[in-house]
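Each of the two complexes below includes chain A, the first together with chain B, the second together with chain C.
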Partner chain A sequence: MDLKYLFFYLIFPGFLFTGVVGLLTTWVDRKVTARVHWRVGPPWYQPFADTMKLLGKEVIVPAGSKKTGFLLMPVIGLAAATLASTIIWLANLFSVSFVGDSIVVLYIMTIPAIAMILGASASGNPLAVLGASREMKLLFAYELPLVISMLTTVYKAGSFSFERILAEQASSGIMLGSASGIIAFIVMIMCVQAKLTFIPFDIPEAETELAGGTHIEYSGAPLAVIKLNTAIMFFVLPVFMITLFWGGVSFAGWSILTSILKYVAIVVIIVLIKNTNPRVRIDQALRFFWGPMLVLSVVALVLAVLGY
Partner chain B sequence: MVKKIPIGPFHPILEEPEFFELHVDGERVVDIDMTIGWSHRGIELLSEHKTWDQVPFLVERVCGICSCSHPYAYVKAVEDLLQIEVPERAQYIRAIVAELERLHSHLLWTGLAGHFIGYNTVFMWTWKYREPVLDILEAVTGNRNHYAMMRIGGVRREIPVEEIPNIRKMLDDLVEKNKMLTGAIVDDPVIHARTEGVGILDKKMCRLYGALGPTARAGGYNIDARRDHPIDAYGKIDFDVIVCENGDVYDKAVVRQLENFESIKIIRQALDKLEALGPGDICTEIGEVPPGEGIGVYEAPRGEVLHYIRSNGGNMPMRHKIRAPSFNNILTNEYSVVGDTVADAGLITAAVDPCYSCTERVGRIDRNSGERWIMSEGDLIRMSQEKTEEIRKMMTGK
Partner chain C sequence: MHELLQIIVFAGVVGIIPLFIPRKGSAAAGVIALAASIWIFFKAIRLFFGTGEVAYRIALFDLGGQIPIDFALKLTPFNSFIIIFVSLFGVLITLYSLGYLRGSDRGSIYYSFILWTIGAAFGAVLADNLLVMLIFWEMLTAILFYLVNMGGKGHEKAAAKTFTLLGFTDASMLLGIILIWVRFGTVSISRLSVMPIETTAPVTVIAFICLFAGAIAKAGGMPFHSWIPEMAKPTPASTIAFLPASLDKLLGIYLLGILTFRIFDISAGSPLSIMMMIVGAGTLLFAVLMALIQHDLKKLLSFHAVSQVGYMVLGVGSGIPIAIVGGLFHMVNHAIYKSGLFLGAGAVEKQAGSTDLGELGGLARVMPVTFVTMLITALSISGVPPFNGFVSKWLVYQGMIDGNGGYYMIFLVVAIFGSALTLASFIKVLHSIFLGRRPAKLDKVKEAGFAMQLPMIFLSILCVVFGVFARYPLEKIIGILSRSNVGIDGYSVVIAKNGGFWNPTLATGLMILGILLGLLIYAFSGIKKKLRFDENPWVGGNIMDDEEIAIPGTHFYKTVTDDLNPLLSGGLRDGDRGDYDIFNIFGRLGDQVVQFLRMMHDGILSTYLSWAVIGLGVLAFILMFKW
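This part shows the complex of A and B:
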């Protein structure tokens, strides 16, 4: 195994880069949210300060928990999120790609959610267990429309590899330029909202119902890891969408600016959805994803097959 | 399989300690246990050791939000005993402060309800719009909360005539903002999805549980102490009592939002009257309080609040009994929460706008074993008879 890949995974574009940009993204989230709320919002370094502080706090492991599973799961989630980010960025920046890497990324990106389910179940707290069961239902709800909306792009590019998808967009225009692309993009934004467990789909955490749900028993360093995990997913998912629908990201010359703009645009859309909706119930979320979202994603796929 | 999910005693949805234990099957609530007694402060006993004039400041602290309603009901109880009439000017000032309190209380609830369903934008915006109400209260009474306006026989402060145009302007702004807020609640499809048909408390159940205030009116139970027992200025002011039909969380929100407009209407009329009356007396001097008893009833933002006082001719109340509306309303959760989901349970318990500290009764707990006693009806009757016997002995000196 090449040492180069270890560098890719740990430093750039892996853990360090993703973590830093992810935390900055949570700052954008907090600042935009604050402005929508007519508040001032925190300074840019607040997420870093929070993470540092949490890392130094005491770690409390509840008496009735399965210790190994409880402490291991956040780390597994973090490793998976970082891996997903590395694969997507390598495809974007260095055209390092392999057949079916989009499928691999799709699978890896479910691991943080599954790790959260296992970690919460291991904590033995009834609210956490309820949160875990909701997380599982939510996972079942959004995965199907997510996969089908990705298939729209895959069908158009004729390949499952990110490299081919990007090449297709470079030669014949971005996916967002077509009707099917726009519909699939809308469906995917909704799925991303659920994947990030943001309002209206923050059902597993539901602060005012479950007091943190899946996170309730975590404290100190494991909580910092979970927060970092969410931050990284908040970075990975928009980039994943840009790669599939919006021509990818690039660091060459002026395109670095357009890449950042695309990214911030998607982040702001997500944050605005988060701030203009109340939380839905789990049955409503299930109905939403298996009803309108599934239909829309199938419509997008059919349109793509018909050539729109 | 039935699991037990605790809400409380400390939980983000509860501003004050209270304990609801939900028995859930999956996500569905099949039963609920409620335990009170987490913040009992012995206000009634404290009140029996304060002079008549000190008690209003104590009962203001029964509840941080109803800090005008409790003193209002108390001074009405004493005035009932004394059989005195309050100067007309004082009556309108009382109505203004009491209705401003209702405004800020209802806005506070709307914000909190938004927070409880995860809609923090509504939370922040509502509380921003609530600020002008607190500003008016500060201008009128000197305090944002705990106004210290009520006094036996009248009020403590005059509303200066030069303040009135300013108050009117702020009220005009508030009407616009409240319209926008009501529109936002009525038009939002997701709010409908979350609150409609949730936690239904119909008219029959409202009667059965003795629900009060907006909780009862949302279910079509048309009661309002301001209209039913018109005290002071309320008999001379024109206002509507808002009543809905379904009794779900959505209706409870709508009732409160529409009551805001009625409150503004009442304040405007009272301001008109104040201007027309011109300067005058705002307090009747009272002398000794004779032996006897009095009852004061006022419609607090959460429902009818009742104060009972008994005097033995001394300078302190001999018995002071407070019945806060939340005591009745919280019990309705027993009916309205069961059958709904855990996700809704918190919202439903919050929809009666509960005020746990007002409600608190003493609970008995063994410090060593952690065992709790529940007093049966028989126990309470026996204790009450013993207390009555004690008081009788004290009064007759035998």
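This part shows the complex of A and C:
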């Protein structure tokens, strides 16, 4: 294995970078939420402090659970989330890309969800199992519009590869500049909201109803890993969207500033949706994604095929 | 004797031996069959790495020199690749059967059938003459009929259905072969492959569709799929892992490959290509929806065996080089993971005594080997990277995006969405059988025997190897295709054209690194000292026993399949009842014809007389106008 990939994966733009920025993003989330609630909100280092505190707590593995699977699954999710982040960032920063990497990323980004489902199922807690079944249903609910809205850009670029998608945007304008791009972008924001299991789609966790659902039995270090995982996904998914629709991110010169602004803009949209909506039921979510969102994404794809 | 013929004759002759071994000594028959299948496997390896094309031919009879029917076998790169897997599965299944059938009263004849199946499959794959191929093809149908008939409750109906559907499509193949014969004067595959056969004339189109029906019925594509779910429940898991799950896929898709890029010239975007893609996409979507509502493990797996054919037909039928590679690689991968899954199902059935998902649960701790192998194979079939199913599906997706036209997007979306539903279905399986709570009656369940474990372990390792080191099998497949005029020029050219492949080896290395990193975080937090195992799961503060808090996976997707959309749920219910089953539809039609004939045979002389008069009148009418 090439040693530079070790660096890419572990330090930058992989684990360390993504983890730190991801945790900072959760701080943005908490801060904005607090301002919406008319509170002050935590200081910027709060997510780090929380992670350290969780690492110090004892770890309860419930009786009757499948111990290895229960403890291993969060770690597998972490590995996959980091890998997805590395692939997206390498395509953006160094044009290291391969054919079909967007599909690969899409699949790798489902691994954290699968790991969560299997971990919850292994815990043997009925509430966790309910959460797991909801997470799975949510997954295939949003997968359909997510894929179609991604294909809108893929069709325009004529390729699955991030590099070509970015090159297409560099030459003939960002995808968001077209009607089909805007519609697909809106659909994808909804799908990302569900992928992050944020309100209104926090159905698998449903804290007031399932008491954490898939997370219910996790504590201590595994819970810290899960939180880190969510943080990383919170960072990766907006960057994924920027790459597909908004010309990608870049660290060269002033564009570093615009890149950050793009990112923060998407994060704030997600946080605002999160703060202004109630949780929906799973069947409502299914209807939402297989109904209006599916129609919208198909409209976007058809517009893209027609050249709009 | 010629080395190609040798294998077929050997399998046929050795297959006779178990017939003389009494029921009690069926283990001895198994050992003989195992030895024979290993020998065949080594022969196949030697042929694979041997010196290129070998042909063998005896003229059987000659009709005036115009239409030679000869017993022709020919080893080509493509079929040498198929036979290696046919014989590999032969070895694995025989080994597995030794453990699986111990203590059952199936008798030694089972091993005869297995050996004959291997021999007939070799014949069908190596045949260089469509008629010879059809003869071996029919043999396989007949043997399958007997194998299904050895099953448990409900085997009669399953066997009859299998035989009817396969027999019907075999007949349609015969019709197709005759049409080819009439039109082109030969049925030799190697001679047809050098002829330019455009699919524009109606006769060629009909011939193609007739042969295509035979190929997809064997592979289990819709609408001729219903024999697989029907036979899944009564038939022993070893049989179903061998025939519908692996061998029949190899054969069916092999024939499809022969049709699409050796005999006929199907170009991408032609009507026949689109028809095949529609069949493929339809198969993969509807079958996976049916799989979602199944409660029986073997039946669920059988619907996935149908669904996955969709990817192969979609890939091979598209006529796009990269998708053809994907389709063929998927055929191999599917044979690997699906027979692995059925073997796992057999292990669960034997050890826990049931395949009903509602009755199982929590077996991961008592059957760890079965769990891990089924987890790997289940993730493979769901197309999760870095396992093998992902690579081949992804090649098919890539082919769809290479396709010229917006409608390819529909196929692409269906293919990706089908993959998500497959994952959902296997999450249900894993939860219901291995995770979750273990019912008290399963407390004494033990891991399956070693003879059963070994094939399962081997197949799941193959899933990992073909996924992580996908480059090597792909190089082989592309190499084969580049010599079969598909328009592929070899691995390096394909790579260069597509700007580099995803590197599963590197990605897997990084994933493992990530897992180690996570474990390091655990270690850093001093998890060893902080673990506590004495707490019960938290259920709102209640203390409940295992039975009360067990949630079976059978109702995971009730929201989707029952409550969401009356059209969808109604359709699925009807589908489950068999309303769209071509077997039942034609059964009803046949019944109506019989009722009509019955009505006429009322035993009254005057009715018969009037029919005779009408018949005479019709005859006279025809004779008058014809002469």
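Quick note on the criterion: the second predicted complex is superposed on the first by the 308 of 308 C-alpha atoms of A that agree within 3 Å, B and C clash if a C-alpha of one lies under 4 Å from a C-alpha of the other, contacts with A are read in each partner's own complex, and residues count from 1 in each chain.
Basically, contacts are C-beta pairs under 8 Å (C-beta built on N, C-alpha and C of every residue); 3 or more make two chains touch, one makes a residue touch a chain.
Please read all numbers here as calculations on a predicted model, not as lab measurements.
J.: Name the contact category of A:Y5: first (chain B only), second (chain C only), both, or neither.
T.: Second partner only.
J.: Does the superposition put A:I282 against chain B (first), chain C (second), both, or neither?
T.: After superposing on A, A:I282 lies in contact with both chain B and chain C.
J.: In the superposed arrangement, which partner chain does A:V225 touch: chain B (first), chain C (second), both, or neither?
T.: After superposing on A, A:V225 lies in contact with chain C but is clear of chain B.
J.: Based on the superposed arrangement, let me know which partner A:R39 touches: chain B (first), chain C (second), both, or neither?
T.: So A:R39 only meets chain B here.
J.: Could you figure out whether chain B or chain C reaches more residues of chain A?
T.: Looking at chain B versus chain C, the one contacting more residues of chain A is C.
J.: Look at A:L127 in the shared chain and tell me whether it touches chain B only, chain C only, both, or neither; answer first, second, both or neither.
T.: In the superposition, A:L127 touches chain B and chain C alike.
J.: According to the stated criteria, A:I199 is in contact with first (chain B), second (chain C), both, or neither; which is it?
T.: So A:I199 only meets chain B here.
J.: Contact-wise, after the overlay, does A:S171 reach chain B, chain C, both or neither (first, second, both, neither)?
T.: neither
J.: Considering only touches as defined above, state whether A:E209 meets chain B (first), chain C (second), both or neither.
T.: Only chain B; A:E209 stays clear of chain C.
J.: Go through chain A and flag every residue that touches chain B in one model and chain C in the other.
T.: Chain A residues touching both partners: 126-127, 130, 211, 282-283.
J.: Mind listing the chain B positions that touch chain A in their complex?
T.: Answer in residue numbers: 3-6, 11-13, 24, 27, 114-125, 128, 188, 190-191, 193-194, 341-346.
J.: Mind pulling up the chain A residues that touch chain B in the complex?
T.: These residues of chain A touch chain B: 33, 36-39, 126-127, 130, 134, 199-200, 202-203, 206-211, 275-284.
J.: Using the touch rule from the top, collect the residues of chain C that touch chain A in their complex.
T.: 362, 364-365, 379, 383-385, 390, 394, 397-398, 401, 406, 409, 412-413, 416-417, 420-421, 423-424, 427-428, 430-431, 434-437, 498-503, 506-507, 509-515, 517-519, 521-522, 524-525, 527, 530-540, 546, 549-551, 553, 555-557, 559-560, 563-564
J.: Show which residues of chain A lie in contact with chain C when the two form their complex.
T.: So the residues of chain A touching chain C come out as 1-2, 5-6, 9-10, 15, 55-67, 69, 71-72, 74-76, 78-80, 82-83, 86, 97-101, 103-104, 107-108, 110-111, 114, 117-118, 121-130, 132-133, 136-137, 139-140, 143-144, 147-148, 151, 154-155, 158-161, 163, 211, 216-217, 220-222, 224-225, 282-283, 286-287, 290, 301-302, 305.
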